[in-house]
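In order of appearance the chains are A, B, C and D, and numbering begins at 1 in each one.
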Amino acid sequence: MRESVASAAVASDGVVELRIPSRAEWVGVARLAVAGIASRLQFSIDDIEDLKLAVAEACTNCIQHATGSDAIIIACRILPDRLTISVTDHGRGTSPEALAPKRPGDQQVGGLGVFLIRSLMDEVEYEVDPQTGTCLRMTKYLRS
Amino acid sequence: MDIAVNVRQHDGQRPCKVVDLNGEIDVYTSPKVKEALTGLIDAGHYDLVINLENVRYIDSTGLGVLIGSLKRVREHAGTVNLVCTNPQIKKIFDITGLVKIFGIYDTEAAACENL
Amino acid sequence: MRESVASAAVASDGVVELRIPSRAEWVGVARLAVAGIASRLQFSIDDIEDLKLAVAEACTNCIQHATGSDAIIIACRILPDRLTISVTDHGRGTSPEALAPKRPGDQQVGGLGVFLIRSLMDEVEYEVDPQTGTCLRMTKYLRS
Amino acid sequence: MDIAVNVRQHDGQRPCKVVDLNGEIDVYTSPKVKEALTGLIDAGHYDLVINLENVRYIDSTGLGVLIGSLKRVREHAGTVNLVCTNPQIKKIFDITGLVKIFGIYDTEAAACENL
């Protein structure tokens, strides 16, 4: 029933972009939109859940840590074999160490967001500028 | 995209409060979950069973609330057991290593008995 | 269970914006996003269905009639008592008569889209520029 | 956001084809519905019952496909009846005045009997 539109979308350079206020109540809308996009692309139900969680964690970090940013831009680039999602804010950035891959500490209340993003996505890349904000680019490949 | 919280008394071998959560736990809804759990702990209930069977989604803020509650009840020799059957949510407890610090059960009965 | 966030969102001048390629396969994502936004704002299930259909009809018209436009921009402005959604393309515009209020003809295969939009929304306004495209602004009030 | 189409033979007083649609009918999915209906009409089936009970959403492109099919079968003295119970979808047939040109029934049995 689900038909792949990935190849068609490439021809028109498919980018779906969502811009939400940097507020907790809109993260659910981002999750819904990403779930819709991913299901169009024939991702499995498990992969769709991974994508939803990774995007939500990225948005949550923008809301909680990107001081001074009032909006979050979520851009989904559709390629035949993968979906690349960038999550960008224009707030105060953090140090590269905060975003580096590491295992979460035992019984620590925070520090799970970046770890989950890195665990759930195939490729994860942060671009941080203390002045202009943080851009997280993450990719998940379609399993065939 | 919302959460409903319901608290019940369970009178078993070891009495406890059972907290039913229904919906999605994220950065928007987790304050409501935290408030409910904090209220119970403040009122002296240190043995908690949190039923996640009707939770379709949980993120790191939700996990943070659960971890925070566990730490608080442990200070009073209490514990938090979880009921969880959803494979996607189990996977998140796996990935994060939280399976090692929470008792996670397939049924509410098992979660209550093993407090 | 659903809590109104309208008043909070106003403070931050709540605008949620979605940009999709002008292609049939992405209209479903627009519907999902609009449904998510409307449910956050305590619209009834009936009103949410109306909003989904109005937005989908607007997107369908962009795809079918806005020659030369490759994207559709859907901007949702959240106010305490209403939701205003604009749907904008950058294609060839039509004549104002085509968009004027009128009853659909009997057994006519087309011509239902604008009629449905006008029927389902409380306020509807078209701004047409043959060069720069069409902007449809439509509003639904929260019934209290 | 997709549609499934299934065609069955109904052998009643007046035999007909029953077309089950399951999902959402919009600008993306309506070509698939049109293809199925056109195929039936081209094969000489002019009495059709279209079951919309499992259709959660329909827009003007979907309505256009139904109207187009009705016009074609009428050229052969056939007819299209619809099965529809979803109030939101009924409302759209109401608003557009299509209740006056389609026979719309609450059950498949009624739709088949009244061809």
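Keep this in mind: contacts are C-beta pairs under 8 Å (C-beta built on N, C-alpha and C of every residue); 3 or more make two chains touch, one makes a residue touch a chain.
These numbers come from a predicted model, not from an experiment.
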Between C-D and B-C, the pair with more C-beta contacts: C-D
Averaging over Cα atoms per chain, report the distance between chain C and chain D in Å. 27
Between chain A and chain D, what's the gap in Å when you average each chain's C-alpha atoms? 41
Within chain B, the set of residues that touch 2 or more other chains is 1
Going by the contact rule already set, what residues in chain A reach two or more other chains? 25, 28-29, 32, 36, 40
Touch graph across the chains, line, ring, star, complete or other? other
Could you please write down every pair of chains that are in touch? A-B, A-C, A-D, B-C, C-D
What residues of chain C sit close enough to touch chain B in their complex? 1-3, 36, 39-40
Of all residues in chain A, those that touch chain C in their complex: 5, 8-9, 12-23, 25-26, 28-29, 32-33, 35-37, 40, 70
In their complex, what parts of chain D are in touch with chain C? 1, 24, 26-28, 57, 59-61, 63-64, 67-68, 70-71, 88, 91-92, 95-97, 101
Once bound in the complex, which stretches of chain C touch chain D? 24-25, 27-29, 31-32, 46, 49, 52-53, 56-57, 59-60, 63-64, 103-104, 106-110, 112-113, 115-116, 119-120
State the interface residues of chain B toward chain C in the complex, per the touch definition above. 1-4, 23
